[in-house]
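Let me give you the structure first, and then I'll get to my questions.
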Amino acid sequence: MGNAAHRIRLGMVGGGQGAFIGAVHRIAARIDDQYELVAGALSSDPARAGASAQELGIAPERSYASFEEMALAESKRPDGIEAVAIVTPNHLHGAAARAFLAAGIHVICDKPLTTTVSEAEQLVEAVQQSAKIFVLTHNYSGYPMIRQAREMVANGDLGDIRVVQAEYAQDWLTERSELSGNKQAEWRTDPKRSGAGGAIGDIGTHAYHLAGFVSGLEAEAVLAQLTSFVEGRALDDDVQIMLRYKGGARGMLWASQVAVGNENGLKLRVYGSKGGLEWSQSDPNYLWFTRFGEPKQLITRGGAGAGASAARVTRIPGGHPEGYLEGFATIYTEAARAIRAARNGEKPDAAVLYPTVEDGLEGMRFIEASVASSKAGNVWTNLR
Amino acid sequence: MGNAAHRIRLGMVGGGQGAFIGAVHRIAARIDDQYELVAGALSSDPARAGASAQELGIAPERSYASFEEMALAESKRPDGIEAVAIVTPNHLHGAAARAFLAAGIHVICDKPLTTTVSEAEQLVEAVQQSAKIFVLTHNYSGYPMIRQAREMVANGDLGDIRVVQAEYAQDWLTERSELSGNKQAEWRTDPKRSGAGGAIGDIGTHAYHLAGFVSGLEAEAVLAQLTSFVEGRALDDDVQIMLRYKGGARGMLWASQVAVGNENGLKLRVYGSKGGLEWSQSDPNYLWFTRFGEPKQLITRGGAGAGASAARVTRIPGGHPEGYLEGFATIYTEAARAIRAARNGEKPDAAVLYPTVEDGLEGMRFIEASVASSKAGNVWTNLR
Amino acid sequence: MGNAAHRIRLGMVGGGQGAFIGAVHRIAARIDDQYELVAGALSSDPARAGASAQELGIAPERSYASFEEMALAESKRPDGIEAVAIVTPNHLHGAAARAFLAAGIHVICDKPLTTTVSEAEQLVEAVQQSAKIFVLTHNYSGYPMIRQAREMVANGDLGDIRVVQAEYAQDWLTERSELSGNKQAEWRTDPKRSGAGGAIGDIGTHAYHLAGFVSGLEAEAVLAQLTSFVEGRALDDDVQIMLRYKGGARGMLWASQVAVGNENGLKLRVYGSKGGLEWSQSDPNYLWFTRFGEPKQLITRGGAGAGASAARVTRIPGGHPEGYLEGFATIYTEAARAIRAARNGEKPDAAVLYPTVEDGLEGMRFIEASVASSKAGNVWTNLR
Amino acid sequence: MGNAAHRIRLGMVGGGQGAFIGAVHRIAARIDDQYELVAGALSSDPARAGASAQELGIAPERSYASFEEMALAESKRPDGIEAVAIVTPNHLHGAAARAFLAAGIHVICDKPLTTTVSEAEQLVEAVQQSAKIFVLTHNYSGYPMIRQAREMVANGDLGDIRVVQAEYAQDWLTERSELSGNKQAEWRTDPKRSGAGGAIGDIGTHAYHLAGFVSGLEAEAVLAQLTSFVEGRALDDDVQIMLRYKGGARGMLWASQVAVGNENGLKLRVYGSKGGLEWSQSDPNYLWFTRFGEPKQLITRGGAGAGASAARVTRIPGGHPEGYLEGFATIYTEAARAIRAARNGEKPDAAVLYPTVEDGLEGMRFIEASVASSKAGNVWTNLR
């Protein structure tokens, strides 16, 4: 709406009819009016690709059969896309991203970055060589109260961090729904499309990224126990992890897709020598903060106590909840800021905090080390 | 994004730089990609109007100095706006709406509808004569769990409704911020721009509309006590009301802008002979339901227990919170469905539940009767 | 346990087998080991009286057929009771209390005080003439966080009080259980035993007392609407009230026994020019406090932020919840302190805050004025 | 109160003035009026012992200088104590318990049972030989909603248990308060009095016991990481544990005394193939239950949905919270039932569920295995 001359021309790979996350990316791109979707390779099924493109108002000639074709064709158009959103299953992320980077197109990519560390390392190199923007949609880091938490840790309000408790509990894979036609379940439980991790890749990486994003800590080693509780499932549906951070902090991370009664129970708690923070994604506009020896405080998005980091990514007043889509939109809007800066040859905005390809590599190391630790009998395994 | 050929061409009156609610309307219009903002009379201050239009990508020739000019000019363009969003202070709603209706343009208008019942009645007539769509943004009725609540009451899950408890508590007018440069506070406490009601018009009408929307009950009479706690304030900042509904149900409604610790504490509780429902706008994805003699249930947006009404206006899975903007967007998207139906000469979609001009008249009756009741010493006053 | 020489010898009127509140009083009396139950007129049914006494270890000769007999006999014994707990239905409170006061025995009496204001006035006079201790068990005022709230208001932490919102919602009378053998329901819905008020006497008086206890405000007038939603019920099961306090504060009070999903939903919110407080009896160890313009604080019993008033009535560390029985015990223990002071001819302890016969009279005025207001068509009715 | 002839004569070891847990045991013993405290060895400091005894109404000749003396003297009195409560620091539990068992006196003992597994094994043997009742006060198992949870798991409402998440977070040892005169902190951080475990013994064992009590699962092995975050502290103040249960369920347990903002954050979550349960000690009257594919239910103590196990240990109606002391009292009252049964030569009541000496041994195995696992570099360590 409005601002047509300045919107970033966006393409999308994946996200055709029936996909969940594609629609989320599109709404996220629209909320702050920074993008215009003009091209797509929306499905490997040509009929679905075409129908999806039509529904989204993409011109027929810009609906492509493959990402390769799209990267090539768009890079030649004077009005070609400036950025692409990659929202396919995991196994396609790497190849697609490299194709667009090679074509001089910025990339916004869903997580986890790839299916292996070595592919992730290649992609890091590709990004560096291309000098293009690469944004990984660890979207939860876009929540204002997560930004607030990060700022408070960085400001020293918690003192030295000692303990990080992260969890992401769901229940949608409690039964073997991958056998009964649930597309989301099918590819997420299939090693060919997901990689070596199930729950750990799908949701564990989110919790892991968030823990690092807020605490500012670098993990050194993991000790993991991955379990497939549902019989016949090839990948883990429950993940228990201990974490060692540089400097001596300890972490625990639990991710489960069989925890009945949990929808998207992503929670983060960080405790230091002076204070503690608690946050839950289901109620994202609240951040609980306790200074040791004082009453617990409820800091709200848009309310008293929220600082500059939260304010920068807040759209509406306190008490009017912003949700998942707004947090996701913040990642898109920060990507847009970086893309515009690149357009103008300017330095990137320091306040822009979107996750990068390096975060993606870090996530892949986390998955691989955890899978290795679990296979080796739950032993400490270095991340690098 | 996408679908450019089918988007509804939208104009906006008010909502220039510095205004809060204009930006909300624009995001709401974008979320489901149903509108394109192409014209505006964004401010009575010409410099601000121009700057705002430019920022929003509105062509200079479609940035107007007044709504009268805009209605006239747009109605003559082949690509003129099909709908207008009116987001000015209350005293301008009526005149602006009538101008666009007369020009054959659909209207989406902020609440309260007007500043008097008689002006509201004129507007109802104008809408009826125009046969245009008129949507009043009592946006809270767009929340999925409010739709769920309405459906449950209509299905008889609560039995005969006995008690309705509605409240909307804020604290932003605890001190006399209208004197210290707060624009929002200035016009909302000014009878010339707000009408005869302060808190009752600004937030009381939301609570009143929601109570009726969910319970399906028609109010017959009010007994109100309006208070201005902050010295020197011309309009009420706290409202206590008893309500009598047709059929014998009783209501209480409290609205306050001086309740320290409340941001946007809109809450609704409905109790019947068989069950009870409780909902809070701060945590809008939850609906508490108790069947008499059974444990309380937590029904979640996108979760088990949510029915067709909620599903229809739900974008993402349970546990990923949708918020205020998404609820607002639902009103816009339902307006779009109605406008498209009108375009095509089709019957309106029965599942579309946006608030209408009649709801706006009802709100004005509520305000006027409450003000009258309060002035007369808190006596029962009929609404019609 | 222990301290036998110093325990106060206690009798009880009512509270035989099958009664709810008698057992509560006995536990409350035991918790801090200040009393020994040695006599009783536990039931008007002689068999039940005897069996109850035996079960409670009361010597057969001190199990009486009537309170008159008990008052007379015990006053003559050298080891006679020093205090009596009256836990009968309301209509017997006055006569029983007067009998014990006349016999020189301190009285701990359940609420409401009597069934009429005039009887309450007689009782006030009787107490004054007797110079005995009289304690009314508005037990909720014994909760530590209620004491904290009262202290904060008194300290000026809230500034000038503007708004008081009190409610007590239950659902146990949603259906006509008084016809199906529920003894508690039978007498509470019977005007002969309850007096002119149903829900208003049973629970409304608790909310009213608590509002005054915390806010320190004196109510001047009420405007009430009492309803019997359940067909055939003689007394109110839902109460809506507006309150005017001396000094200009406004109150709303809702009490209901038909609000499905509420067990004992007693809630109090107090808002002033500088701050606000919120408390709920279901979660009594928490007090929410907001200073205007600062983040909301969670003050906990035994935690940081709790002051001297709370500490005085706190038994165990924060995070280990104390509940209803402990709050009730605090009233008993404060009564014991007063009784010991009287024993020793000392001045009463200023920190002892149990409700008195004057509070009981105030409650009766509240009931009578509310019933009168409701009958007169919901008009303002002075309390005195 | 009352029932003097039938009360169990109780003695106490430890718990003199200034001790926290002794007062808790005494209130717990009083609440249901099953005990009379008549003897004590309340402190190793004679002056404090005497003053404490006097304050508690214990006759001077029954205030002893040591538990050995007390066991001997009381066993010879015709009115000697029938049971003793041992509430000393951990290192004295074993010797004291054996002394009383040898004297034919039932024992109620605080946790952890001893300071080593071998001492615990001796005590198990001593209990078996004595044929006396031995009760370990893992008091949290007395909460009604914990009984409810256990019943639901046993009934199969959760299906096969897969995941157990237990935690107990406090913050009172965030700083080195053992150096600044905090008696509770002193002995709890002193290996001589606490044994080899700090937080793991003090609170970790509670979480571990509760997890087993509710889930009905037997742990086979632990993998633990114990940390002392506060410099100079000899024992752990933070504990991270993975648990393997017989049958394949996996557990995580976190206990911390440095988690700022947590008072007594004991939480238990249990997930199975059909349902999930969630409970928090801070709000103990609530149990959250989800049957897979249905809305979450809130089961309340005394409310709809609570079954026989909860009802048996519930004193007052739903919505009137019972707390920590009532749960503790339930353990005492169940001990009393067992002691009375033993008195009468009757079989113990199957519904009585107090923790036993075997639970104590299990707790010691948990501590020792965890300490060993941690020292060995966080490796799986069998519990037996």
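In order of appearance the chains are A, B, C and D, and numbering begins at 1 in each one.
Keep in mind that, in the parts below, a residue touches a chain if its C-beta (ideal position, glycine included) is under 8 Å from a C-beta of that chain, and two chains touch if they have at least 3 such contacts.
Worth saying up front: this structure is predicted, and the values here are computed from it rather than measured.
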item: B-C against C-D, pair bridged by the larger set of C-beta contacts; value: C-D
item: Centroid-based (C-alpha) most distant chain relative to chain C; value: A
item: Separation of chain C from chain D, taking each centre as the mean of its C-alpha atoms, in whole Å; value: 34
item: Where chain A and chain C are represented by their mean Cα positions, the distance between them in whole Å; value: 55
item: Inter-chain centre distance, chain B versus chain C - centres from mean C-alpha coordinates, in Å; value: 43
item: Shared interface positions of chain C, touching two or more other chains; value: 262, 289, 296, 300, 303
item: In the complex, chain B residues that touch chain A; value: 1-6, 10, 20, 23-24, 26-27, 29-33, 35-38, 55-58, 170, 262-265, 281-285, 300, 302-303, 315-326
item: Contact set on chain D toward chain B in their complex; value: 289, 293-300, 303-305
item: Residues of chain C defined as touching chain B within the complex; value: 158, 162-163, 165, 171, 174-175, 223, 225, 227, 229, 238, 240, 242, 250, 252, 254, 256, 258-262, 269, 271-278, 288-292, 296, 377-380
